[in-house]
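Quick heads-up: structures coming right below.
What follows is chain A paired twice: with chain B in the first complex and chain C in the second.
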Partner chain A sequence: MHYDLIIIGMGLSGLMAAKTAAEAGRKVLIVGKGMGCLTLFSNTIDVLGKIPETTRLRDGLSQWIQDHPEHPYSKVGLTRIEEGLSSFTSLFYPPYIFQTIGDGNCFIPTGAGTMRPTYLIPDTMVAGASGKEKKGLIVGFKGFRDFYAGYVAGPLNWRGIALPLPETPGQEISATALSRWMEKESFRKTIGQEIKKNLSGETCVGVPAILGINDPIKVKMDLEEKIGVGVFEIPTLPPSIPGMRIFNRFKEWLIRRGVNFLSGYSISKASLKGKRCEGVYIHHPPVSSFYSADRLILATGRFIGGGLVAGRERISDPIFNLPVRQPGSQEEWFGKSFFDEHPIHRMGILTDSSLRPIDETGEPILENVRVAGTILSGHHCVNEKSREGIEIATGYWAAKKAMEQ
Partner chain B sequence: MNLKTEVLIIGGGATGAGIARDLSLRRIPSLLIEKGDFLSGASGRNHGLLHSGGRYVVSDPEAARECIAENRILRKIAPHCIEETEGLFVSLPEDGLDFRDRFIQACEETTLPARLLSRDETLSLEPGLNPDLLSAVKVPDGAIDPFELVLANVKDAEAHGARCLLHTEITSLLVDGDRVKTVLAKDLLHGEEYLIEAAYIINATGAWADQLLKLAGLRTAMALSKGSMLITNQRLTHRVVNRCRPPSDGDIIVPNHTVSILGTTSIPLEDAENFEVTHREVSLLIRETSKMLPAIEETRFIRAYAGIRPLFQSGEKGDDRAISRGFVLIDHEKRDGIRNLITITGGKLVTYRLMAEKTSDLLCRKMGIDVSCTTHLNTLPGAEKPSGLKDRLKPLGKVEALCDCELVRREEVEEVLREGKLKDLQDILHRTRLAKGTCQGGFCVYRLLGMLNELGLTEGNPNKILKGFLEERWKGIRPVLWESAVKEEELIEGIYKGIFNL
Partner chain C sequence: MNKKPWPKSNPDVCIRCAACMAVCPVSRVTPLFPGPKQAGPGAERFRKTEDPSVDPWIDLCIGCHLCDLVCSSGVPISELNLIARAKYLDEKGRPLRDWLLTHSYLFSGIASFFSVITNFLLKNRAFKWIADAFLSIDRRRELPPYQSPTFRQWFRGHHSTGEKKIAYFYGCYINTNEMDVGKATVQVLEANNFEVILPPQECCGLPMLGNGNFKGARKMGLKNVPFLLKTIRSGVEIIFSSTSCGYMIRHDYSRLLNIPGSEEVAEHLFDLFEFLRNLRENGNLNTHFKEFPLKVAYFAPCHLRSLGIGLPALDILRLIPSLQIENIEADCCGLGGTFGFKKEKYDISQEIGKDLKAAINRLNPEIVLTDCEGCRMQIRHLTGLKVLHPIQILRDAWMR
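And now, the complex of A and B:
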């Protein structure tokens, strides 16, 4: 089994790399232990939430690139970041599309009643975006532990209600269960009637992000018809249903394009020869099989994804054992306050501008391997609100550069 | 507001609660004032060991005798707070057997039931122990839940007429001639001020004893010592495991509910309010305890915490009614000419009842009344229902679990809320197992705040409370973040700083 490109990791960066290579007609294998962090954190596409509210994203990014030469964005460059983002949005077709509000960040309400900056949002969140001046009713569901309408509504000065659920046939009331129920017309009818009864002058209704997995626009439009006002989704605790939709869309597209999509498998070993990686052993319990490739992309994420492993005193990459830039001992990994920018989050794999892993002297370690996504060093994606932007831009760029080779 | 009481007890740790109960059973009215919640000091920050006395038999036989006697009493009056685990004193090759032999002899002299076990016998009881061990001595150590114990004392005291005010701090003690005449206090959450008239005052503030006495212009010669501990995310042994050598850092592993607690260190401290567990202490505790139980090297930890031991300079004891080297009871009439003030401090959780008894005896003598202590004869509320996992393991069915780590049901929290008098988040966390599991409240505290909001019990912006909690939680987990704990932390940060943008 020989491939033009093997991508290790099924998060957003790996998926973007696979899409980019498949579009160029290459033979691609993408392999991952799970769905990456898409289903944990990604509800919308953050690119750089940290810039001032009124700044155009383009201006903010180009300033950021100037100020942060070690940042993944600086390696990719503004034009390619924008190409990557267009490639991402082109995957989604109406009515479920990702869009911007204006040319900068927009603000969306969250499950904690805060407003958070983000860049691309799915159609199901548009009615709630930058909506401080609106008058909204927040609707939660009794027994759903990951969203509390009053909690969300309070700080926003909106009103919140918790509706009893019509049917919970012995199941846990989770985001996934609610999403599945929402796809049923009878469920929507009961919920819609209840919401309508509770409206008192509000011009929009916010619900947790559970408006169905497969056809959220149909769910949203049907609910809106039943209620009579706009409905929008609010991101809350994981799992992220909008993230699941992104994953499913990529998966469907990649498989249709002939990409070998190996989900649920891990790498047991990489086969290295000099400065090249010849392929990887993938563990199909109880045996491992060898998959060879001309080039590879490492997109295994950080600690949750398994891309980085923290020992008692040292952080490492378990697949290629690439050098991880790190400050001192465990004592220095974290700041004194939870809300500090912890030094550990800047640690990651060092690369050159074409995303090849390098050693401390700047020499490429593996000529035919590229690194993409949050495993890269030099960013602080949670504080910067740049997670998905980094994943999309570096996944896109790593695949482009790999194919030039 | 003016308050009147016969006896004012200051401090809501095990000692203060024990005194409130003791006095209430002697039909002496009391008011207990505590600046935080019950167990905010050392009573809530120890390793939950029901001492057999073994730790002290060699160095301090008198303290050991107290432990042996109190251990027996607590098993009778508070069976629901105790798990009878037994304890082992393990000798490793580097320890030799000299101390062990002295230990066994001292056990005989103090009538502490002890049995020498061979290496093989020991390993058959606790297969995870270091296979190179030489032998172990089995003693009746156990695990005790300080929260249940203290709250049961409070419940009994209140049932017999005692009153308690939490989150209330003493702001001044006004001395007039030979007595403290009035006491001023302030509710720290609502700002209300109290003027308290009490015939007698008992200072049971532990590490804060000196600070309180300063308000009356008095001093004690006291030093503070920090003891740090680590909590593992699973229970590693069934028995308490001690190192059979003179008391030292990192010499004990105590099973506690579903986890184990590794202890302790001893570091001199200046400030009773601001302290943290250092990287050096964490490394030392892991290095030392893993010599007894090698699996500790690979174990995940969920929290590090520290408590403060109040230590008394030896000069203090001769002057006063020092009952033992374990605790100090000061009659300020004898020492300072203040007739109505008593200080009780030092000691151990296991001797809290004895400390309360001796304090109450002294008080009765001063009051000129003759009523005997009955706290060793009457069981504590809840004793009729023995402790055990069985209750917590009953099927959850169609109920809402706020906490998945420790399976805390929403109803359980609602019941705690109904019992009332809870003033802040920590009060609720103290009375349930919320935030005590692997995620340390990373999920359930948000849910708890959401639930309180639904019940109309929150005011203002709950995110302020949430952020405060996350900072408090951080202090405990920051020292033990590596391996899988880092993954969990990445998740928690991704939620609160990322999705919620707090």
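And now, the complex of A and C:
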């Protein structure tokens, strides 16, 4: 099969690239070894959480771009970043939409008991945003081990309770099972009554982000009606239900647009001819299939998604074996805190301003390949709180640039 | 390559990320199954070949492969589960029911010949009650009726002509229970100038493999592969219309069952719509379709997704003018081959099915299309709607 564009990687950057190309009417194949990391890390859309609390995002970004010329944001540029973000938000239609609070970052409570800055949040989290001034009740569920109400409530000086689940007392329950129950009116009735009984003067209720997969706004509004105060979701441990909603929405949209969507298969080999990639082999034992393309986008993520692999001495990209920026020796891979500017986050693929992979001298290595997402070098997305922003902006821009070719 | 008869797997490549927990249809509906992360790589680390199995919940894995498809670390989760299940069932012993459900190919010929009597019995409440009480085959489940003549018998009286030859692996169910799917396949291939031939064939063995009976499944594979090898070595490629049989032959025969020659067969074996899509890619597909104003919904079976070829039926059906076709946004149908017939699993099967039913209701189609016979049975059972194989619609949309 031949495609205008093959995208390798099914995370947010790959999905954004696929959307951008499909919107322009191109024949697209998106292939991922797994389903990407949306269901692991993402709940909301971080763009640049590191900037001072009161700064407008636009000003913060523009300053950031000036100060960090090697950063992926600097390659994409402010206007394109904004275009990418609005392309992302346009995918979601009411009632489940993504929005900002004001024109900067907002702070939302997390399952780890912190308030974290983020930019775009789904409607289900709005009532908890910048909630320090409010008085809320945090509700967890016995048997759901991925969320502890007291842990979240403590630092806020709120109250946290754990409710027993009516249908499976004493058993463990997964996030997806709990989400599915939340979609049942009878379950909401029991839980709603229980929460209402436990209210003592609180004006809002925070629950783990499990308010259903298909119609979370309906679940939220119905619960609010039953309890009598506002309800909001709090991001917690994987699997992330809000991340699944994003993934499902992309998947639905892309399949409807005729994009070939292959999850579960890794690229065994890229076929290179001079400075061009002619296509890729997908190996599904015992069969190997070749897919050719005019252009390709590499959006395979970092270590968890499998985009970067650490051997004994060096870190590499297993598909194109592109140069990866990394410290000279393995001794320098280590740092004290993973969440600070840890050296492992420094590693990534070098590109020019149009996201083509380059060698140390700045020469493009492959003319028809672009690189998008967190696999790029020049960022510290964990520390900057910029993961989704980088994925959206570079996925969008890589596809735009690829189509110009 | 020197391969061991049993698959070698390494649970330690699992990084515990929980992507599989996001998609498992079983752990979503019942807390009795701990989900793929724990049941697969988690529990595997504690299993020793010489120790007895300790987790009866392993038998609740429905075998949909969805966990495998989302894992970024490449853990063969459903394979780990299947091997653990096989060991558990070997130790516990299998009821007569499991033998009956997985050996229907032995009596389907007679059942089809006496279809009037068979179908009377299969619908008879007393018979179903007995099957429920003594065999634990749930009486709420419809048992598929048999047809006479069989597809193969029909084909014997049919004179297929075309420029090139193509072989067809139709599978048991098409032969005795839904022969129109076979007929439609033959008609569509002939409309594209192919002469259809039917190589000798037996049940692919998937029902046995799905029930952890590796030995029985391997026996079926050893019977089929020589027939199929002979076909491809005479220069004829093979297509299948049942995605379950197709997945079994293309991938499980070599990877799980180590059947000699199966790798060569896999290279020349195609899904029917994958084959048609290749024809189209080369400009050789007959696309003389008439206006076909119908609202249909398409459901991608688990084994089709596991084939890793995308949704070729959807790609082809979209060429039909005026046909309104939407993809159903749901994962497993819940039948899981023989899983949903079993009394102790029927409720789980139905709970999984409810999510699919809700997704179908949102689309409100006139007809539902899906490539797998199991999914067709389950969707009929869940919705009461007319459910067809996509090839039947393609045949009907042809300009004559």
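Going forward, the second predicted complex is superposed on the first by the 396 of 405 C-alpha atoms of A that agree within 3 Å, B and C clash if a C-alpha of one lies under 4 Å from a C-alpha of the other, contacts with A are read in each partner's own complex, and residues count from 1 in each chain.
Everything below uses one rule, namely that contacts are C-beta pairs under 8 Å (C-beta built on N, C-alpha and C of every residue); 3 or more make two chains touch, one makes a residue touch a chain.
For clarity, every value in this text was computed on a predicted model and none was experimentally measured.
In the overlay built on the shared chain, the residue A:Phe141 is in contact with neither chain B nor chain C.
Contacts of A:Asn383 after superposition on the shared chain: chain B is touched, whereas chain C is not. Contact with chain B, but none with chain C, is seen for A:Gly154 once the two complexes are overlaid on the shared chain. Of the two partner chains placed around the shared chain by superposition, chain B is the only one that A:Phe339 touches, whereas chain C remains out of contact. By the touch criterion defined above, A:Gly258 lies against chain C but remains apart from chain B after alignment on the C-alpha atoms of chain A.
Legend: residue contacts after superposition of the two complexes on their common chain; A:Phe320 is shown touching neither chain B nor chain C. Once the two complexes are overlaid on the shared chain, A:Pro238 sits against chain B and chain C alike. Once chain A of one complex is fitted onto chain A of the other, the partner contacts of A:Tyr3 are absent, as it touches neither chain B nor chain C.
Shared-chain residue A:Trp397: touches no atom of chain B or chain C.
When the two complexes are superposed on chain A, the residues of chain A that touch both chain B and chain C are 37, 40, 143, 168, 237-238, 304. By the touch criterion stated above, chain A contacts chain B in their complex at residues 37, 40-41, 43, 110-117, 143, 145-148, 150-151, 154-155, 162, 168, 170, 235-238, 302-304, 309-313, 329-331, 333-334, 336-339, 342, 344, 382-383, 385, 387.
Those residues of chain B whose C-beta lies close enough to touch chain A in the complex are 279, 398, 400-402, 443, 446-447, 449-451, 453-454, 461-463, 466-467, 470-471, 473-474, 478, 481-483, 486-487, 489-491, 493-502. Residues of chain C touching chain A in their complex: 15, 17-19, 21-24, 27-31, 34-35, 68-74, 250-251, 254-255, 262-263, 266-267, 277-278, 281, 305-311, 314-315, 318, 326-327, 329, 355, 358. For chain A in complex with chain C, the residues that touch the partner chain are 1-2, 29, 32-37, 39-40, 143, 168, 171-177, 180, 214, 237-240, 244, 248, 251-252, 255-256, 258, 260-266, 282, 284-287, 289, 301, 304-306.
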